[in-house]
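Both complexes shown next keep chain A, but they swap its partner, so chain B is in the first and chain C is in the second.
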Partner chain A sequence: MKVSCLQENLQRALAQVSRAVATKTSLPVLGNVLLATDDGRLRVAATNLEIGITTWIGASIEEEGKVTVDARLLAEFVNTLPNAPVTLRVEPAKFSLNVQSGRDKAGINGVDAEDFPVIPRLEGDAYVATVDPQVLRDMISQVEFAAATDESRPVLAGVLARFEGQRLTLAAADGFRLAVREGELAEPVPDRLDAIVPARAMRELARILGDQTEPVRLAITPNQSQLLVRVGETEFLSRLIDGTFPDYKQIIPKEFATRLEMGRDAFLNAVRRASYFARDNNDVVRIEARAGEEEFTPGSIEVSANAAERGSSQSFVDASVSGPEAQIAFNSRYLVDVLGVLRNGQVLIGVNGSNQAGVVQPVGLEGYTHVIMPMVIGAN
Partner chain B sequence: MPVRLLTDQTIGKIAAGEVVERPASVVKELLENALDAGAGRVAVAVRGGGTELIEVADDGRGMPPDELPLAILRHATSKLAAFEDLDRLATLGFRGEALPSIAAVSSFSLRSRPPGAAHGTELRIDFGEAGPPRAVAARLGTVATARDLFANVPARRKFLRQLSTESGYIVRAVSAYAAAYPHVAIELSVDDRRVFATDGSGDPVAAAVGVFGPEVGEAALRLETPEAAAAVPGVAVDGWVGAPPLTRSHRQGMVFFVNGRWVQNRPLAFALEEAYHSLLMVGRHPVAVVHVRLDPAAVDVNVHPTKAEVKFLDERAVCRAVQRAAHAALARAPHDALPALRFAPPSAETQRPMPIPPTPWTGPNGTASAPEPPERPHPSGVPILRVLGQVGGSFIIAEGPEGMYLIDQHAAHERVLYEKILGGLRDRGVDRQPLLDPLVVDLAPDELAAYGRSAAELAEVGFEIEPFADGAVAVRAVPALVPAGDLADRLRLILRELAEGGQGDSWLDAVAISTACHTSIRAGQALSLPEMRELVADLERSSQPRACGHGRPTMLHMTRGELERQFSRR
Partner chain C sequence: MARPPSGAVKTAVAPTRSPNGWPVWGHDVVVAKLRHSVASGRVAHAYLFAGPDGVGKTTLAVSFAQALCCQDGTRPDPGLPCGTCLACRKIARGVHPDVETFGLAAQAALAEKSGGKHLSLSIETVRRLASATALRPMEAGRRIVLVEDAETMQGVAQEALLKTLEEPPSSVVLVLLADDAEALLPTIRSRCRLVDLRPVSRATVALALVESGVAQEQAAEIAALAGGRPGWAFRAAGDPALLEGRRAAVDRALGWIAGSTYDRLVAAVRLGDAFQKRRAEVFADLDTLLGVWRDALLLRANLPHYLTYRGHAERLDGLARGWDLDALHRAVCAVQTCLSDLEANVRPRLAIEAMVLQWPTSSPQR
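Then we have the complex of A and B:
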């Protein structure tokens, strides 16, 4: 192989695929990056078997070939080279890569590219949906954090992506909370389809979407085992989780006895303040809502926490409270997580008693629902 | 004391000590005899951890009246005529040692009626003293009964663990055989309660489900002998391996049989785990029942008095065969990572880390004494520590005024959680975090029994659990201090420990200790610096920071002086 390309392009490509490089692995080749000539360009790819990222950069190709080398070492070397052409060379039947830029050069010992996993490409008859990349990125960020972090129930370690008509729904749940976000597809899909994408892969996808503006195509392989996304010159691949996502709709309360509406920033601040005291008390923060004294005075909510050894805190936030006064306790981390992904504005907390699931929604914005199971404070 | 020849009874007792070390070994020997007798149905019943009663009834070929007295003679066997026969062994027994050994240390009776006999014959041997054979009414087959085990060997009796622990060993042994002999319907009852029963249908997965519970059925992947190219000549492997996420936090879920005989073999377990490589999280181990079949001449079964160990002529080949079969089965698993990807499988002999000779670590027990002049004494007696880092994902290194401290993160967190649970119980009750949707957890029979016994105490420490259909429970809430993670597995571990007797001043204490142990940070879990600091700070605040609820130490201390000595500076 003999190829030259611009240092800048190579650096960007190596950074792009680096997130798919395996760090701890019993298969050393997964810590490598694949460099291969491909139809007049240079293909750069990495996979950790859960996700794969492939990207193409312009290159002038003198001699076809491919090789895999340690991804980190190559990236570190390339990052420090001047922005000038870089030549990549592999002697026939050898697996060591020579990198040269001006008088700087390196020989990096590699592995036969045949040992590198084959990363599937987008094929003809896949299921395809098209979506605005910024909408998708936003949706992912509002949902992925609610997925389970352990693998005991594999489907809960993933984010459900449901394609139906003109609508894409993302949902994630970890047994204690549920996040659901609906968004528009660029074009309607003919059939409904559910795919469960590992939450980690979703986070990487959001990163790759970056500030792209061109609609992206999400493709699901015919055997429904993989998701492939093409973003500009980059292809992202993730395995899908096999299984059926729980029927989340039945968990979402349809009506609330008490509705609290308040500014998101003020509420988030109050919860954060309480969370420092809650840390030593199982992260319990209590929320107590009181209606206004008269019809036109606003109500308020008290956010409080106490830890026997550390002390206690109370904060008050103005709120419009409709319905009976309510008390409920939540894990502060769950509240901070969801309030953190909502934009400034008003939030609604819907409560049906202190033992029933509570709901957090942005006010005036359709399509996002977050359900949290409250905590039960011990009593004896 | 003059030199004397030992009496027969003493010889009997000594030999018995080798073959039957605990009640579970008696059960195993009797069960093996029943299987050797071609039984289609075996019922095992024990009481009092096996010390009160062990009874194994089979419908096998039985023994004619004149053979009965022979069966309890030392080295009387119908299975092995000459030593060379050992190489062609097709039976589990071969020494003719089991029955005499058991009869020497129990009130033993053997009742048998072979097909064609009009009635049965019973022979009683009381602690080695044989009575005359008597004609009795009996069903076809054999019933062996051992009562008051070890009553004449107080030393051994003292050596036994809690009765419930001994029951646990028995359950393990019978479970292993029941899962591995699907053609035989095996049932077990402990203290008059049915623990499990298999159907004898011949389907290994059905047998495993009968023994271990329904969750195994979904995860079991049948092992098949691979195509010729990948097969290891002379070694056949069958059985099943559990697909992740069916895993355990201990290695007891891996059951190995070599030519039909239950064995403990570390290299085999190691080889099997290697086949899972990245599929298992640190600290998780597979569940599997693996049969290895090979020419009896290629394996020595006579290396251990209880036959629990075997020696292979070519151990590496056997391990390789197990590993390849498991590999092939796991590759068929539905949620295998990126199934469409092709990659060269890692070579069977992956590199092992180089063993580093252990440095002598003088005086870990110096830990128990408080550092001599503690500069900043803390109420708990632990100085304020500065966290430096983590070793092996399991131990926190910290520095204090008096040198270096190594903290076992699991034991430390267990101590912290245990005291938090106790604090909650003392003050206002334990906070609970309910689930959005109840989590249904399938329990093995002994786990279910432990739940039945501990329901009230589990509720007190913060679990809301309800019985659910068919050997399952529904979890509605968990103690709020339980960090996120595999709740089903944690609950099973808690119940398993309780099934084995638990540990603590009261049953509530035992439940609290088990809950703290199995919900705490595990060894092998990487922690960030802030997480480690918080854990160490919590530990400093606890009232007994130096041991976990089980009494294992939480920290080791190496003084500056000791460090200097180790580095030959003094």
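Then we have the complex of A and C:
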């Protein structure tokens, strides 16, 4: 292999794929980056067998070839080179890479590129949907945090992506809460398709989407084993989780006995204040809704927490309360998580009694639902 | 993550393809069954390969994985992997992303701090396995997960594995490798297809070595010492030190039984004191001892054909002539009793001394 490219481009590509380089693995080749000539360009790829990132940079190719070398070492060396052309050379039938820029050069011992996992490419026969990158990023951020962090039920450690008609639905649940967000696809897909993507991979995808504006293409490989996302000159791959996602629609209450509407900022502040006291009491914050005294006076909700050892707090937030008075207790961390990803505005909390799941929704914005299981309120 | 199966034969002397089609010598019935299940597409979701160390568990599992993942669509028998396609080569080298091995070696490699002792598969390893098995395949149509040293799992680790065994993802084939199937919970055994690997005949082991280019005479000696374990035979053929160590162990055992009652007791005390720190070595020594007494019995009964330690036959023959069959039989029984006593946590020094005192006295009766 003999290739030359700009230092700047190589540095950027190596930084981009570095997120997929495995740090701790028993398969040493996963700590490497793949450099391969590909149709007049240089392909740079890395994978940790959960996600894979492939990117292409312009290069002048004198001799075809491929090699894998330690990703960190190569990136560190390239980062310190001046902004000038860099020549990459591999002697035939050898696995060591010579990097040269002006008078600086390095020889990095590598591994046969054949040992590197085959990263599938986005090709014609895959299932393809197109979506706006900023919408997708938003959707991911509003859903992924609800996925389970322990691995006892692998399916729940993932985010469900459901393609149906002109809609993409993302859903995640960990047994105590559920986040569902719907978004528009650029054009309808022919059949319904479910894919469960690891939550870690979803976060990585959101990072790659960054401030992209061009529509991104999502594809599921024909054997339904991987999700491929094409973002500009970069392809992101995530392996899918095998299994069936629970039927989340059953969990979402259809209607609420009591509806509370209030400003998100004020409510989030009140919950944060209470959460400091709740820390020593299993993060329990109590919410008590009182209707206004007359028809046109606003109601209020009381957000309180107490820990026997530490003390207690009460905050009041103005809210419009419809329905009977209600009280319910939630885990403060769950409330802070969901209120944190909602934009400034009004939020709706729907309650059906203190033992039924509560729902958090942004007011006036369709498509996002967050369900939280209540905590038991003691006799207190 | 995938890693080279550590139990696999990795020496200059590698097994060639055996008459049963796989590079697995002996175990013909097992290979035929596995080949048939691959060919007919009726593959169970979990297997338990059980048999002594070196009998061929890992080799069998690697061949099975190759048969399941081989990319050569034109091969006449789907149960027979081509051995040359990318998938087959990657599996043989232990770098296939869809053939992952979890075992003590992999656990040590991934451990936070190196150098720690890894005597049993931990619950963390089992959890890592569970989350790794949840993913769909990367390159092949299936994923094969090998669990080496499965018998070392403690109760909680085994219970954690049960969950994966109960609801395995559709694309996964789990293969547990255990020296002793009985060490696993009945609930685990009942969820796996049990594949019992028995010691391979001496002739087959010798043939396997000859086919791989080992000289006839050496092959015969190694095969006799291997005790029906082709894996051990291949390791010994590629590693003279291993063979030498075995010969030295036999010499030690011979020296022990040739000594006077006093010498025997001194040796017994020494071995008994070493038991706590080097349990496995003491067991290996007693095992060798059992073989030597057995050989003495065989020599006395004029059955030299079945000898394990041919190289030492002459010296042993001189000893054996001094004792009658009954005495030799009692000695063999004494060693066996000692082994089971040690398993049952009898005080090692006591168990070994009691054994020594039941041996026939070394002064010839003639």
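Basically, the second predicted complex is superposed on the first by the 376 of 380 C-alpha atoms of A that agree within 3 Å, B and C clash if a C-alpha of one lies under 4 Å from a C-alpha of the other, contacts with A are read in each partner's own complex, and residues count from 1 in each chain.
Here is the rule we go by: a residue touches a chain if its C-beta (ideal position, glycine included) is under 8 Å from a C-beta of that chain, and two chains touch if they have at least 3 such contacts.
This is a predicted model, so every value here is computed, not measured.
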Clash-or-fit label for the pair chain B, chain C on chain A: clash
First (chain B), second (chain C), both or neither touched by A:271: neither
First, second, both or neither for A:199, with chain B first and chain C second: neither
Which of chain B and chain C A:115 touches, first, second, both or neither: both
Partner chain in contact with A:50 - chain B first, chain C second, else both or neither: both
Which of chain B and chain C A:242 touches, first, second, both or neither: both
Contacts of A:360 with chain B and chain C, given as first, second, both or neither: neither
Touching partner for A:224 - first (chain B), second (chain C), both, neither: second
Touched partner set for A:374, first chain B, second chain C, both or neither: first
Residue contacts with chain A in the superposition, chain B compared against chain C: B
Chain A positions touched by chain B in one structure and by chain C in the second: 25-27, 29, 49-50, 115, 117-118, 151-152, 154, 223, 225-226, 239, 241-243
In the complex with chain A, residue positions of chain C that touch it: 1-3, 86, 89-90, 93, 95, 97, 106, 109-110, 127, 130-131, 133-139, 141, 163, 169-172
Complex interface listing, chain A residues touching chain C: 22, 24-27, 29-30, 49-50, 114-115, 117-118, 151-152, 154-155, 157, 198, 223-226, 239-243
In the complex with chain B, residue positions of chain A that touch it: 25-27, 29, 47, 49-50, 52, 115-120, 148-154, 173-178, 221, 223, 225-226, 239, 241-243, 246, 251, 281-284, 308-309, 331, 355, 357, 371, 373-380
Chain A partner contacts - residues on chain B that touch it in the complex: 244-245, 277-278, 281, 334-335, 337-344, 346, 350, 423-425, 427-437, 439, 462, 477, 480-481, 484-489, 541
